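There are two complexes below, and they share subunit A, which is joined by subunit B in the first and by subunit C in the second.
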Partner chain A sequence: MTSLKPVHFLNGILSLALIAAFSSRAGAQDVPDVGPHPPQPLKAMESHIGNLTGHSKDAASDYRRYCAGCHGELGDGQGENTVWLDPKPRDFTMATFKCRSTPTGTLPTDEDLFNTIGRGLTNSNMPIWNTFTRQQRADLVAYIKTFSPRWEKEKPGDPIKIPAEPAVTMESISHGKYLFTKLECWKCHGPQGKGDGPSAATLTDSKDNPIRPYNFAAGKDDSRFKCGSTNEDIYKIFITGVDGTPMPSFGDVIQPNDAWDLVHFLRTLQVNRHGKENEILKAAGWKIPTYVEKQSSTNPAPANQTTGGGN
Partner chain B sequence: MHVWRQSRIRKKLPFAMPFLTVAMALIFVILSASPAANALPAFARKYGLRCSACHESWPMLNYFGQKFKDNGYQIMNDRDAPIWQNPSYWPVTFRILPIWHRVSTGKVAVDQGSGVTRITSSGFDLSGLDFHTGGTLEKNFSFYVLPSSDPNASFHFETVMARLDNLFGSPWLNLKLGKFELDNLLSEKRILTLTGNGGIYQLYHFIPVNDGNIFGQMGDNQLGVELMGHSYNDRTRYSAALLSTSDGAPGLIYGANSYSGFFAASQAFDAGKMGVDRIGFYAMLGQAPTTWLTAGGPNMPIGGSGIGNKSYHREGFVGQFYFGQHLDLQVVTQHGWDNAWFGQGYGDLVDQLNGQNNAPGTVLPVGSRAPSWNGVLFEPHYVYSPQLIFIGRFETIRMSQQANGAGYAGPAGPSASNLGNISDYTIGFRYNPFMTSRAGFAWHNEYNWLHQDGTSPTGTNINTSELLMGFDFDF
Partner chain C sequence: MRAQRMWLALLAPLVIPALMFGGTISGKVTYTGTPAKQKPIDMGKEPSCAKQHATAVTTETVVTGPNNILENVVVYVSAGADDANAPAQAVTFTQKGCQYLPHVLAMHTGQELDVLNADQTSHNIHPLAKVNREWNKSQPPGSPPIKDKWDQPEFVEVKCNIHPWMHGWFAVMKTNHYSVTGDNGSFSLPNLPPGKYTITAWHESYGTKTADVTITGTETKTIDFSFTAKPY
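Entry: the complex of A and B
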């Protein structure tokens, strides 16, 4: 039997102490923080939309009246109706927003949220709240910002720059179709843009809820996209991405002119819509000629360049 | 909802009928009437919105609720068509109201004592029962059907309409056909008060004493067709309706060929921190029959044979003024005018049975004039929270010209200038203990006091009051 030397003794004590320390830390992670949590007072926030200043304290009643049923009193997307809704309401505590003018991963501008409230979100239960006054909407934007500490720690991203739209031509449509294939948009949105691509059934949002890709073909003249209805809105959607969904940002992989070409092609997938794109396609007998790949784009700047102004 | 006939009764109070019968009828109407309201949790269930999203306090619509209604019960997204709903979804809501109330009516004619006394009664009671069903048949095809009963389960169709929404893709063109509520900005069908006299807008039902024109009651649902339009955000609205002059009664039982029109328009303004304020106007004008073919005697009119159309009109302004999140004021004014023939009691079939001269070539007594009046109502609300609202109302109607004016040579003689004037006061509150998208429940408390000039059996004034408490719920 070996004797217990002092160095071994110290080693043993040290080891036990380390084990005890890690054990207690592990135990603290396993045991939830039980007991009532006192409601945290909401930090007053402001929003700035043009010359309007919104105050969170002025929106408490409106939020409860119009929003809390879906988004929850705590803004966590757990209102009493959430279980019945598809897609699920936004969880404001994550401060992840689909419709932004800012690069992926960044906070939206106040104006982005302001516009979303007034525009509503198609393919969801979010109504068009354009019955509010501008002041009400600005106040609600400020109120939404109280739910996440991100709004205190981070600034919104700089809005992306949207170059002027070039003319719609058969060539741009043809190139857009080429990009639609090359960028594998069809895998989710389907070859005809019906939202029935091979990956469509497997898609989930950032909270693991099933989510469907946009069906371009279902729309008519009054069709809207998730984040708007104009060509600029479509451009913005795939440059900024739709955060919280599988729709990524293509800002780093596509040139502005290419992005516009893709917009022009996507419009042709809206077969029931009357527009310049479909007029050109109709004149060509509904056939899009095969695009012959060129050497490079004329504009080397990345599409996700920002104005640098910020908010 | 019940079609209130109180005004029709009121006009006969002094002279035409035994007063006890009138009083009993009045009490019956008060006891049997259900509140006129359309609140449909079925819509909330469909869209997953709380009642408070569409209702300032249900059933009264707020601006968003008005837009939803104007869009044909659609929020204008891809979920409007019923194909999106679970097949088990059934857009039906029922509403009935258990209440306790105390009704006190002054100067009722009785056989005992001095012949006139105040009758006060109280007790537990029920309203009628409403079955609301409405929504979309397909995107931009909407409907509403409302069978309604009195407390004894005698049913009628209060609303039956189908609507083509957003014709040619434009919100400015919506066509409705059937029996429907007129486009009253301050809707009586969504009134927040429930007592017999406070549960209606007197302006919407006013008929001068002895007047025979029941057809100008713009608070009653009417049969006809309506073209309605609005801007994308509903700030600007208009409507034009062509109606059968029948006060909503089916079966072509009145005029052989009588039509009326109802027109309304309004504009809302963004008033910043005050809210969205709205002003507008309305006008109802038309023709109604005065004489009838008879069979079996002069008091046996043949339904649908009414001829001798005479004109009438009602017009006024409407204002909805919001003063921040808690306080608002609703205002309606009215100027009304009936042809002199109506002033002498011609018009309604019932009046024919009361022995009106129905012979061709009849002339009105000397001094017969076209009755006219002016009225206004103010209805302030204090919305403490989406769950608690305090309501007040002051309504007054003043005759500006009596049918039997100075020099009237008929048997009744000239009328006092204030005969039939009305002042009506209502206060109350509604407390909703919960707010969900599944059902509505309100603890309702209300007091109403009505004053009428010169309509008692002795020609003096009448005061009527009612205290009401109840549980107002729908599911």
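Entry: the complex of A and C
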């Protein structure tokens, strides 16, 4: 091994430093990158809804024409209309979605997104896109999935299981009312479901924008919920939660049959709606008997079927 | 190579205790300037929580102690340490008196997190994760603990939408070498084998500070962090 003279070594370092300094001056390091950027090619994605396959590349023009105005060219929810909208359009780069059949904190299924496009979101500016063909919707679902790398890394959650709906009875309504009180749904939705609970005024979504809890009492025969209009949809909403909003998942704390009782009670909060629940209530003179807690020896698994439990 | 190994073998009795016990990096976290005055919290809408507090409750975005001590600072090895496995025991995050105990909970990626509700009211636990996945779960009184774990290192803001004053943090680390300052403002990172480390101190309102520290044996190196407090 030859010895390296300190002087030579120092010389080397000095000249290296000079070269580095010179090249950085001469290079484009200090100058901002001026000029247009070619659009980044998005990674192609697919969607699968039943036997339909959607392709993101086929949705590019539809997305620009119909979606980008609100959701933004980059899918970040910053379209040119966004400043005028409340609630704000979804930011697809977060991959957090309100209407899912899957547990809180998981990606929705392709079908969930497909249904959301076709159904629209009530009390928002998202219309019912029933002008699209099924193929167009499937292609748009695939397109939405190009905006977040989560769609490549993660799989959608397992859809929750919804047991068959039992018959509506005064007992189920009464027990549902008991649960509405016990689970403190009224803290946000209000004692009469008018969306005026004690916590309603301070609610914000995950981007700190003010958000209103759902007003059940405004419901009429054609009323819709955020994620659908059927009894199954109500069941799904409170079991999965509405991600990105203050509405939590109750999947770990409600058992399937209890959940149906809660659905039946929630229907009675829609006082102007004609349905089985209100017929039963009307026949009883609009009085719900107080639910008496039964002593049950069994403790069935909650609706989310988690393995956790214990104390 | 062979010579090196021989030396290692000879040095083993000296080196192994150093590896087992290693060096320690410790110090204090303080602030300069005037911190923002914490806002009073009115728990009037939740009497079961309000009655648990004999003294006035305030927000906890900046918690200080005597001699300019800064609490709730996560001090951790951000570079240099091996990515050790998550400890087997769970960490616990308790909702009590409509507050989070602790206000800042540090844990390892993949470590079990148990969220407990010790109150007589429902809470919803809403970690606003951005790198990890955001979720939001209801936890009525008497429910079993919510069990979860986080995959990616991140400082995750946690809130309860029902009680808007409830605000805390999950500090998800990819290292086991972390410490959260308490009411004496001090931290200690023991069991560090010889090496070069980057130490980061994180505060929810004042951001991060870093320092580079080299550990050669079983010594204790002292470094102090000072944050500039903002009055608003």
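Rule of thumb we're sticking to: the second predicted complex is superposed on the first by the 260 of 311 C-alpha atoms of A that agree within 3 Å, B and C clash if a C-alpha of one lies under 4 Å from a C-alpha of the other, contacts with A are read in each partner's own complex, and residues count from 1 in each chain.
Just so we're on the same page, a residue touches a chain if its C-beta (ideal position, glycine included) is under 8 Å from a C-beta of that chain, and two chains touch if they have at least 3 such contacts.
These numbers come from a predicted model, not from an experiment.
Looking at the shared chain after the overlay, A:N257 reaches neither subunit B nor subunit C. Judged by the touch definition given at the top, the superposed model places A:S229 against neither subunit B nor subunit C. Once the two complexes are overlaid on the shared chain, A:N209 sits clear of subunit B and of subunit C alike.
Of the two partner chains, neither subunit B nor subunit C is touched by A:T93.
Of the two partner chains, subunit C is the only one that A:S249 touches; subunit B does not reach it. In the superposed model, A:L183 lies in contact with subunit C only, and not with subunit B.
Contacts of A:S199 after superposition on the shared chain: subunit C is touched, whereas subunit B is not.
Touching of subunit A by both subunit B and subunit C, each in its own complex, is seen for no residue at all.
By the touch rule above, subunit A contacts subunit B in their complex via residues 58, 61-62, 64-66, 68-70, 80-81, 84-85, 120-136, 218, 220-222. On the side of subunit A, the complex with subunit C involves touching residues 94, 96, 104-106, 150, 154, 182-184, 187-188, 198-199, 202-204, 206, 241, 243-253, 308-311. Of all residues in subunit C, only 45, 121-122, 124-126, 128, 130, 133-140, 143-147, 161-164 touch subunit A in the complex they form. Note for the complex: subunit B touches subunit A at residues 47-50, 52-53, 63-64, 67, 75-79, 169, 232-234, 270-273, 275-276, 325, 385-386, 435-437.
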